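When the chains are written out, they are named A, B, C, D and E in that same order, and each has its own residue count from 1.
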Amino acid sequence: MILSVEAQKHFGAFALDAGFTSAAGVTALFGRSGSGKTTLLRVIAGLARPDVGRLTFEDTVLVDTQRKVFVPVHQRRFGYIFQDSRLFPHLSVRNNLNFGSWFTSRKRSADFDDIVHLLGIEALLDRKPHGLSGGERQRVAIGRALLASPRLLLMDEPLAALDDARKNEILPYLEKLRDEMKTPMIYVSHSVAEVTRLADRVIVLADGKIEAAGSPAEVLASPSIDQRDTGVIISGTVASSNAQHHVSHVTLRAGEVILPAAGLERGRRVNVHIAERDVLVAVQQPEGLSALNILEGYIIALEPQREGTVRVRIDAKGDILLARVTTLSVDRLGLTVGRPIFAVIKAMALIH
Amino acid sequence: MILSVEAQKHFGAFALDAGFTSAAGVTALFGRSGSGKTTLLRVIAGLARPDVGRLTFEDTVLVDTQRKVFVPVHQRRFGYIFQDSRLFPHLSVRNNLNFGSWFTSRKRSADFDDIVHLLGIEALLDRKPHGLSGGERQRVAIGRALLASPRLLLMDEPLAALDDARKNEILPYLEKLRDEMKTPMIYVSHSVAEVTRLADRVIVLADGKIEAAGSPAEVLASPSIDQRDTGVIISGTVASSNAQHHVSHVTLRAGEVILPAAGLERGRRVNVHIAERDVLVAVQQPEGLSALNILEGYIIALEPQREGTVRVRIDAKGDILLARVTTLSVDRLGLTVGRPIFAVIKAMALIH
Amino acid sequence: QDRVTVFAAASLKNALDMANNAWATQGQPPVTVSYAASSALARQIEAGAPADIFISADLDWMQYLSEKGLLQEDSRTNLLGNRLVLIAPKAHATPIQIAPGFDLAALLNDGKLAMGEPNSVPAGKYAKAALEKLRLWSVVEKHVAGAENVRAALALVSRGEAPYGIVYQTDAAADPGVAVVGTFPEDLHPPIIYPIALLKSSGASAASSYLNFLKSPQTAPFFEKEGFTILH
Amino acid sequence: MEWLHLSEDEWAAVRLSLWVSTIATLVALPFGVFVAYLLARGRFWGKSVLNGLVHLPLILPPVVTGYLLLIAFGRRGVFGAYLESLFGIVFSFRWTGAALACGVMGFPLMVRSIRLSLEAVDGKLEEAAATLGANRAWVFLTVTLPLSLPGIIAGMVLAFAKAMGEFGATITFVSNIPGETQTLSAAIYTLTQVPGGDAGATRLTLVAIVISFSALMASELMAHWAGRRQHHDPVR
Amino acid sequence: MEWLHLSEDEWAAVRLSLWVSTIATLVALPFGVFVAYLLARGRFWGKSVLNGLVHLPLILPPVVTGYLLLIAFGRRGVFGAYLESLFGIVFSFRWTGAALACGVMGFPLMVRSIRLSLEAVDGKLEEAAATLGANRAWVFLTVTLPLSLPGIIAGMVLAFAKAMGEFGATITFVSNIPGETQTLSAAIYTLTQVPGGDAGATRLTLVAIVISFSALMASELMAHWAGRRQHHDPVR
C-alpha cells in the first residue's frame, strides 16, 4: 500500500468525503464535472488542507488533522499536472521544464532530451509561454511535471487538450513510467479508453463521495458507469506474438483473442478492454467473417437500457463479457437468458 | 455563402495561410496541436489582424488589408468560446452569463433559464468564478457565448473539459441551435465523433495551411486523417421509424440500415457516420447475427495502413464504405480487389 | 581642523557668498555655509550639528540656543539689521506715507496683504508688530495672507495675487516686479536683527577670526549692497 | 485629554485638511485614471513627455511646484485667468487652491498605482468582453476598471495621505490663511517655526496621524471588500 | 549654454543628489520588498500599525519627519547613538543622513507599488512551483518576485523621483551643507529663498528635470525589457 487517503473538505454546498488506499501503479479517477476530482488531487498534493483527514504515502504520515501533522507541498514532491497548464510566464519553455530540477539533488530519472522529443516541443524551448497554443502549453506542463522526478504523479486531465495522434504518442510513455520507473500515478480523465490502457485501479467519484472503487474490470462493468465506452476489462496472458501481421495472441479464460499489438513478450499479463458496443452476438457460429475473435458463451442476463437498447451479459467460460444490442435484435434473434451464443469481437476494437 | 476567409499571418516560425468559404451550418476545424486552429478563429473573431487577408460575413466586408478595412471585434458579434474559459473574475456567474445582453438590443434568442438548465449550472449562479471546477467554468463560458445572441459561433474545443454524459446533453442543443436558430458555427475539436454529428463541412489544418476541406464524408475518408475514428459519412433518407424499438430505418444507396434513433420524420435526410473500425467484412452472408445492418458490395481497394492493418474500400451500390481489418484477416479470408463481400455494421455504431 | 562651518539663515545667502569669496581670496581656509530656516538650523545645532557659527534671522532662535547653553556667549553680536517695506506690483505703485491711521484697508480693497506668517516667520512677526502699533492690525488681520517666508510673500505681490505686501527691503530690492511704496519707520517694530555667535562645539581654529572678518568693515559693502544695515 | 484640546483655528485646520484632501483625491481620480490609461495602453508621440510631466511634482521641490502653480493658476496666471473668466473658478487664496496643490502633488502617486493595476489586467478578459459585444469604452468600464480596483484604491490612499502631509506647494501657492487655506500640515509647520511650538506641533501631528490611520484602515477594508483575491485557498 | 554653466557647489549638489537618490532607492529596496510582502501576505497582529507607520512620512509634513529623524537618528538620538557605537554608521550631517531621509520619504511609495504587484501575482503559479519542489523562499525568489517586477520597477522609480525632489525632511535632518548634504533640491530651495535667486533656481530645476526624465526613460525601458506583457497581440 503506497498511498492512503481519508479526507473531508467542505466548500459551501459541496462536500468532499473520500477515502481510498492504493498500491503502486496507476489509479484512475473518474467522475462528472464538479464531482470533486480536482479537490481530491489538491488534498493529496498538499494544496488544500482537509477539514478532517489523514494521508500517508509510503508509510510516512503526510497529513493528520487530529495530530496536526501537515507536510508542506514542496516536501511531498508529488508532480502535479494541472487542468490549466500554469506555466511560468516569465520563464522560457526550457526553464519551465528545468524548474523542478533546481530544487532536487536527486539524479534525473527522466532525460530532458527524451521527454522534449516525446512531447514534440523541441522547437519551443527558447520561447516564452506567451504565444503557445493550448496543446503546446499542456505538453510543456506535462514535461515540467515529469522532469521534476516526482515520487507520485497527479494528473488532472493531462491529455484533454491534445489530438489523438499526440495522445497515442504520450500514453506509451506514461506506461513506461509506470512499468519501468515504477512511478505511481493518479490520473483524472473523462476518457474510459485512455484510462483502461493505463489504470490498475479505478475510483469513481460522485458528488464528493466515492461511488465505486476497484479494478478497472469491476468498476467499468458496474451499472453506475453509464458511458458509451462501457465495457469489460479481462486479464489474459500473451500466448504468442506475430510480428509479420503485427498482432499478438492472448489467452483469456474465454478463449484466445487476437490483439493488434506486436512485440508483447510471451507470458506477460495484459488487460484487454472490450467495449460493449464492439461486441456482436451471433446465435450460430459465424463463418468467413473478418472479426478474428469469436468466443463462446451463454447469456446470463438481459438488462434493458434506455432508448431501445439492451445490455447482454455473457458468461464466456468464466470471463464476463458485455454486448449492447437493440431490442429489435433481441426480438429477431430470440435472445433469452441461458441461451448459448457466440460473442464476435473485432480485433481492431481491442485495447490493451 | 456566409463566411469567406482568406488570411495570412506570421508568428516567428509559424505561418498561417488559409482560405475557405462556408455556407450556413457547422464547419468543423481539425488539426494537430499547434496547427493554427486558434489563430484562424482569432482572425475571424477580429482578435488578430491578418498580415494580408480578406474576410466577409453575409456579404459585409469585415477585413480587407488592402483597402484597410477592419471591423472591430465588438461590432462583429461573433460568439467565441475560448480554449481557456476566460470568465470575468469580478462578476458572479449570473452576470458573466448576462454580460453579452448588456450590449445588445436584439431580442434574446436564447432563453436564460433554458440554457442554465441545459448546462446544469443553476446552483452556481450566485457564485464568483473563483472556486468553480474546470468543467463548471467551461459550461459557464459556453452559456455566456450562447446568451450573447451571436451571429456566428466560434468554438475552440468547447467540450474538451466535459465528461461524456454532459457532452451528450450539450451536443443536441448545439444541433438545435444549428437547425432552428440557423446560427452558423465554426467548431474546433479533436474528436471526430463530436464533429461528424454536427458538421456540415470539415476543414483540416496542418502547419497553418489547409490540408483538406469539404464535406465530412469527403474529408474524413481521405488518407490525411489518420485517426481511430476515421470512417465515412453517407447521406440517406428516413424510410420509417419504429417507436417501440426506438430505431429508424434509413435508405442508403447501399441498402437499408437501422439507426438507433426514434422519432425521425419520414423523408428527412440524415447523415450516417460509419467508422471504419465498426465495419466487419464477411465473405459469405452472415446469419443469426445481432448486427442488423448487412450491406452487399465489392472491394475496390486494399490500402495497407501501419501496424498490420489494412483499410478495405468497399463500393456498396455507389456508396463508399471503409472497413479496417488486420492483415491476418485479409490473408485468412483471402480478400482481394474486386471480390464481392458483405459489410457488417453494428447498428449502435451509427451516428446521425 | 580649520574649515569653518556656518549655519546661516537662508536670506543671507547672496551677501554671505560674496563675503566668503573675499575671505577665500585672502588665502584663508574655506568656509562652508549651510543655508536653511533659522528654526531648522537651531534645532540641528541643538542635536549636535558640526557647526562653528550660527547666524539667525531673528533673536528668538539665537536666544533658544543661548538658553540651552550652546553659545560662546562673549562672541554673540548683532551683526545686521534690516528694514520693513510696503510693496506693490510695479504697475500699480504709488508712494504711500506710512503713518498711524493710514487707510491700508481701503488700499487693499478686497485684496490680500501678503507677508510672512505673522506667528512664525520673523518678517511676519515684525510686520504684525508694526501694524499693531499703527492700530491697523485688527482691521487688516483678516486680509493677511501669511506666507511661509518673505520670498513667497514677495512672489504673491510680484505675480499680482496680492495688491500689497510687507517684506524686507533686502528682498524688495531684488525683484523687478515690485516697487517699494513705503518704508516702515524703525520705531514701529522691534529692531530687525540678525545675530551671530560662535558655538560652544566649534572646533575650527579659524572660526573666531572668520567671525571678526564678518564684523570688519571689509565685508560691510557686501551686506549694504543687499540692503542690510550694519549694526556693530 | 485637556492636552488634546484644540483651538478654533486648529479645528478649522483639521476640517479643512479633511475636506481639501478628500476633494483633491476625488477630483484627481478621473484624471488619474485617464492619464494612467494613456500611459498604460496608449501609443502616441509624446508619451514619455506626458510621463515626465506627471512625475514632475515628485521630482521638483514642493516650493517650486507651488511657484509654478502660482504662475499657471494664479489670478494673473495663464490658466487661472481663463478659468476665472470662463467658469468663475478662482484658486488664489481659496481652499480650492489648496485642493489643487494637494491634488497635483499626489497625482504622480495616484497615476502610478492605477497604471500598475491597469497593466496587470489580463488582456484575455478584455478580448472576451469584446467578443460579447462590448466596445472599447464598455470593455474599460465593465472589465478593465473593476479589475484595476486594487490599484485605484491604492492610488487614492496615497493621494489622500500625500494631501494630508502636503504643505510646501500649498503654502507657496495659496499662502496660509486660517480657515481658508491653512491646512493641518501648514499649521503644524508654522508651529515648528517658533521656539516652544513643539507641544502644539506634537498635538496636531497626533491628530493628523489619527485621521490618516482611520482613512488607511477604511481603505484596507474597502480593498478587502472589493475582494480581488483570486488565489486558491491559501494552505501554507 | 553659458547660462547653463554650473558652479562647483552646484555640480557637487547634482552629483550628491544622484548618489543619494540611487543609494536611498537601492538600500530601501530590500526593506520595501520585505515590508510589502508582509503587508500583502502576512496575517499578524499589528499589521495595520505597520501599514500606518509605513505611510507616516507621507502623512506628516516633511519638516516633522525631518525632526523625528533628527531625534531618532541624530548623534544624540535613540538609534543614532546605537548605530554609531555598534556599526560606526553616522547619519547626522552626512550624505548618509540625506540618503536616510530620502529613503524614508520614498518608502511608502515604494512599498505600495510593490505590494500592489505582489497581490496581483497569480497564486496558482506559486502552487505550481511548490509542487515542483520549491519551498516558500524559493517560490518567492523564482516566481513571486520576478512576476512582481513591474511593481518593483515602479516603486523604485517613485522612490528615486521622490528622493530627487525631497528637501523638507533632508534639510531639517542633516542641514544644507554644500558637498556633504546639499542635494539639488535643497540647493534649489535655497536659491528660491534669496533675492535674485530665481535664475539660478530655474537653471537647477532644469538640471533636475533632465536627470529625472532620463531616469524615467531608463525605467520605462527596463519595464519594457522585463517584458511582462502577457497580453495577446493587441489588435485594437
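Throughout what follows, a residue touches a chain if its C-beta (ideal position, glycine included) is under 8 Å from a C-beta of that chain, and two chains touch if they have at least 3 such contacts.
Each chain and its UniProt protein: A, B = Molybdenum ABC transporter ATP-binding protein; D, E = Molybdenum transport system permease.
Since this is a predicted model, take the numbers as computed values, not measurements.
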item	value
Intersection of contact partners for chain C and chain D	E
Rigid-body rotation angle, chain B and chain A, from Cα fit (steps of 5°)	180
Where chain B and chain D are represented by their mean Cα positions, the distance between them in whole Å	56
Inter-chain centre distance, chain A versus chain C - centres from mean C-alpha coordinates, in Å	90
Mean-CA-position distance for chain E and chain C (Å)	34
Chain C, residues touching no fewer than two other chains	37
Touching two or more other chains - residues of chain A	46-47, 72-73, 84
Residues of chain D whose C-beta touches two or more other chains	63, 67, 124, 127, 130, 136, 168, 189, 192, 228, 230, 232, 236
Sites on chain D touched by chain B in the complex	124-125, 127-136, 138-139, 142-143, 146-147, 149, 228, 230
Touching residues on chain A, where the partner in the complex is chain E	45-47, 72-75, 77-80, 82, 84, 86, 88-90, 99-100, 102-104, 130, 144-145, 148
Residues on chain C engaged by chain D in the complex (per definition of touch)	37, 39, 42, 60-61, 63-64, 112, 114, 117, 119-121, 144-148, 152, 155-156, 159-161
Sites on chain B touched by chain A in the complex	11-13, 31-34, 37-38, 83-84, 123, 127, 131, 133-136, 139, 156-157, 160-166, 168, 190, 226-229, 242, 244-247, 258, 260, 262, 277-278, 280-284, 286-292, 307-309, 323-329, 331-333, 335, 344, 346-349
Contacting residues of chain D [partner chain E, same complex]	48, 51-52, 55-64, 67, 108-109, 112-113, 115-117, 119-120, 122-124, 127, 130, 136, 150-151, 154, 157-158, 161-162, 164-165, 167-168, 185-186, 188-189, 192, 201, 205, 208-209, 212-213, 216-217, 220, 228, 230-232, 234, 236
